[in-house]
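Listed below are the structures to be examined.
Each of the next two complexes has chain A plus one other chain: chain B in the first, chain C in the second.
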Partner chain A sequence: MEGFVNTALIGVSLGAQYALLALGFTLIFGILGVVNFAHGGFYVLGGYVAYACVQHLGVPYPIAVMVAALATAGLGYVFEYFLLEHLIDNHLATLMLTLGFYLVMATGILVVFGPESPEFRFPISGTLRSGGIYIPLENFVVLSVCLLTIVGVYLLMYFTDFGRALRALADDRPVAMAQGLRPGILFPAAFGLATGLAGLTGALVTPILSLAPHIGDSVLAISFITVILGGLGSIGGATAAAFIVGMVEAFSSVYLGGSKGALTLFTLVLVILVVRPSGLFGREVRGA
Partner chain B sequence: MTPAQAPRATRSHADELRVEKVTKRFGGLKVFEDLSFTLAPGDVMGVIGPNGAGKTTLINVICGRLPPTSGKISLGGRDVTAKPVHTLSRMGLVRSFQQTNTFRPASVSENISRAIRFSGGSDEVRERIEDLLGRFDLSTRLDDQSDKLPYGLQKMLGLLLAYATSPKVLLLDEPAAGLEGRERTRVDDFVAHARATLGCSVLIVEHDMDLIRRLCPRIMVLDAGRVIAEGAPAEVLARKDVIDAYVGATDDEVPA
Partner chain C sequence: MGNRFHGATTMAATALAIGLTVGSAAAQCELKLGVIGVMSGPAAQWGLALRGAAELVAAEANAAGGLPVGSQKCKVSTVSIDSKYTAEGAAAAANNMVSQGIKLIIGPIGSPEMTGLKPIANRNNLLVMGNGYAKDAIGPQWPLVFHQGPGPSGWAAPIVEVAKAKFNMKKVVLIAPNDQGGTDIASVDAAAYKKHGIEAIEEYYQRGTTNFAPIITRALNAKPDAVDTASSPPGDAGIIIKQLRQAGFAGPIGRLGGPGTEEIARVAGGYEVLKNFYWYEPVYIDDKVRAIAESYKKLMNANPPENNLFFQWVSATRMVTKAVTKAGTVDDVKKIADALRSLPVEDENMGKGLWIGKEFFGINQELSFPFGIGLILDGKMQPVLRHEAATGK
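And then the complex of A and B:
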């Protein structure tokens, strides 16, 4: 029983991280209609910015995390505003552009920081225990920050005019524009919000897991799978799917062995997509 | 002139839509050429013509969705040619859509509040909308997801969303298309209400000739991008060249 609870705690921790990544990914797809292949890059960059702040500038870790989130949000905003915005309706072009930007980011990080994983440790350690149930303190902190941020994203999207406008653009861009909404201002803001979430996750998680220039690939894969599972563009779907993915990964690696996690996950996604092609929470195929 | 009169006079001039010698081409394909007309506040004008005559493209050009190849469009003396859709919407030039009308995944009430909020509307607008919601049998379905409504009600909701932005000029793209006979009179009701409460001018692209006759004191007939007739419906629809322009069109498009 305790083993089960401990595994579930790992699953929730993973789920919360994945939710932040997937929320950003699904916002960009839902609102801009763009598949952001650079999403993993912003995660890695967030990790390295936080690392550089702590290691080279001596900034306290919590502030470094905020700097990382703001820096990746700013970079996302600038990238959307100056590059992506001009090709926004050309799917092939946005694919090439985001993929290219990912390669530029990954290579830039490689040039600046080198290929080796830097020594980036979470500033606190220890374990919270209650009977046989335990959770490492750093996981607990990361989980709390992730959950608070998820709540924040929901409040932003459902209780502010900014969120209302973003959801309206996602629902129907021509109708939203006919009512006076300006995609030229809202799209970069949405993109920056999403990449800031990815950067924040990177800054929080990489000191626990690992930090290296190439880890963006698997982050992109997880974001993509989660969002497809939840239904492309769906906010609630992405969140729920992230926790499902986290649980599946945790339980299959504990009970089936480490390498079976990904296999179980992909099998599950395949089965679900056969049964429900638009994802667990997706609407039927969107109109043009 | 008393000070009280002055702003009113300015305002009515500020709402006039003027289309001057506007031409639209897609590459070598000419959609329409040298189109000119003026819509003063309160005016209702119908634009008719066979499919492919350039009617929807005309709406797209006026509302800023497509830039004209040449010519000038002004609203109250301000040049608004090729300004983006959202800018024109904020200036009061608002269109409805032939098909995509509403925020489909959102409820009826959410649709309405978005339209009012995005356009900076007041409580007064909300009250007027409530009146219209009642007339169109929508007030009992405020929580329904908008794309789950019967088609006729979706169309009316689309019109209400345009109304909710308090337009000065309303461009309606086939507001009655796909509606049943009884539902079509709601379009009359809507246009009358919009003119009475907003004082706006209305441009209607439509195939339903009965509706055009009822609503429009003035019509313009487009055929292959040219204006072949303009004037009161009774005269224009009796002309032989207008009737000929419709030959080959489907039955419900033939002016009866």
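And then the complex of A and C:
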């Protein structure tokens, strides 16, 4: 029973991290219609910005996390405004542009910080234990911040004019524009919000796992799996799918082993896509 | 006047002819070593160590007036190509070397590169002094391929013996990636544990995994006395160890894989998190070995590569150049390979070693020099233990 609870806790922790990543990824697709191949790069950059703030500038970790989120949001805004915006309706061009930007970011980080993992520790250590059930304190903090951020994104998207405007653009761009909404202003903001979420996740998670220039690849892969399972563009779907992926990964890895666990996850995604090609909560066709 | 002019012309022509002949002989007597290894990306340090070693050996020979080959002294030069740690990169590099007429290859480093390079080497009669811990890194089907140092089949058993004496473990779980770079090493490590009466369970994870909590929960369900991270990359191994300690595992942790203790400690949170840790050090560093680094500084006017594999590559490259001298040819690869096989394994800095590999690979073409066994006890780094060259038996 203790093993089962521990595995469930791992699943929830994984799910919360995946949800933050997937939210940003699906926001960009849902609103802009762009598959952001640079998403993993913003995650890594967030980690390195927080690391540089803490190690080189002596900034307290919580502030470093905020700086990382703002820096990646700012970079995302600038990238969308100056580069992506001009090609926003050309799907192939945006795909190549985001992929190229990821390579530039990854190589830049490699050149500046070197190939090896730096020493970047979470400021809190220790483990909460109750009998055989445990959760590392740092995981608990990250889980709490992730859950709060997810709630914050929901409030932003469903209870503010900004969120309503973004959802209107996602639903039907021509009609939303006819109502006076301006994609030229809102798209960079949406992109910045999404990349800020990736940067925030990187700043939170890399000190408890590891930080290295190449880790963005796996982040992109898990973001893809999650949003495809949830339905590309669906905020609720991405969140639900993130927790499903986290739970499946945890339980299958613990009870079937690492290789079979990965196989189980991919098989599940495949079966769901055969039964529901638009994902668990996706719409048939994007409006934009 | 006419005769004088004629005489001068004849002398000039003779001098030119002599000059051309000498120049031609010098040009013929050049040994080009091809260097193939990863020189960019996260594993660049390994390839830069390889390149630095080959360049040092060439500089040593040239500083002595050239490499003796028959009655000549030959200039030694190197041509380096980045294989990007991929099979296709190594194959492309080997083809490039062939087009340049290069016949002796130093490198590559990883198993994927060796897999890509070996068919090209066989087809074009290239002598390869490479690395890679795959179970088929060398073999009778590749008679011109040599191993610059032993894989786990050589050194795992002696390290397990030391670890067992220190920690008295009865059950170990090995955690490694689920591709050839992981399974080939972990399975050989597991056999070494079993040979010493220790139950060994292998657990594999998908390469690219960043959170190992589920694998660790599974591993700890087996209630092991020790956990071995085998050939998991240092970054992965560091997270695995950190999460093992968070899960309450207090036993010793091994690493019967490649080097990387400093990076592992950095990621895990320091030596105190590693607590009791044992690992394979490819080279036992003493004053004689450090002298190689000094020699590099003098001859190359630069700092030597940081990675300790540099020393291993120096000894391996020297063995190849010694074989060229013994064979008395820079072109006849079969003769050079025969000479290499017949050479005693000895290096002025690394000491005496052995040719091994027959038992595991079916061919005695693996260089084995004394190596080190690293230990951290109760969070304190211990002096590396010197172990005589592995016998592979």
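Here, the second predicted complex is superposed on the first by the 285 of 288 C-alpha atoms of A that agree within 3 Å, B and C clash if a C-alpha of one lies under 4 Å from a C-alpha of the other, contacts with A are read in each partner's own complex, and residues count from 1 in each chain.
Here is the rule we go by: a contact is a pair of C-beta atoms (placed from the backbone, for glycine too) under 8 Å apart; a residue touches a chain by one contact, two chains touch by 3 or more.
As the structure is a computational prediction, the values presented were derived from the model and not from experiment.
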Superposition on chain A - do chain B and chain C clash or fit: fit
Partner chain in contact with A:176 - chain B first, chain C second, else both or neither: first
Partner chain in contact with A:66 - chain B first, chain C second, else both or neither: neither
Contacts of A:5 with chain B and chain C, given as first, second, both or neither: neither
Chain C, chain A and chain B - angle at the middle CA centre, rounded to the nearest 10 degrees: 140
Which partner, chain B or chain C, touches more chain A residues: C
Touching partner for A:161 - first (chain B), second (chain C), both, neither: first
First, second, both or neither for A:253, with chain B first and chain C second: second
First, second, both or neither for A:147, with chain B first and chain C second: neither
After superposition on chain A, the shortest CA separation from chain B to chain C (Å): 37
Shared contact residues on chain A - chain B and chain C: none
Complex contacts: residues of chain C adjacent to chain A: 41-45, 178, 203-206, 208-211, 213-215, 217-218, 221, 234-236, 238-239, 243, 246-248, 263, 266-267, 269
Interface residues, chain B side, partner chain A - complex: 63, 65, 84-86, 89-90, 94-95, 97, 100-106, 114-115, 117-120, 158, 161-162, 164-165
Chain C partner contacts - residues on chain A that touch it in the complex: 3, 6-7, 10, 13-14, 17, 110, 115-119, 121, 125, 127, 129, 134, 136, 209-210, 212-215, 217-219, 221, 249-251, 253-255, 257-259, 261-262
Contact footprint of chain B on chain A as seen in their complex: 161, 164-165, 167-168, 171-172, 174-184, 283, 287
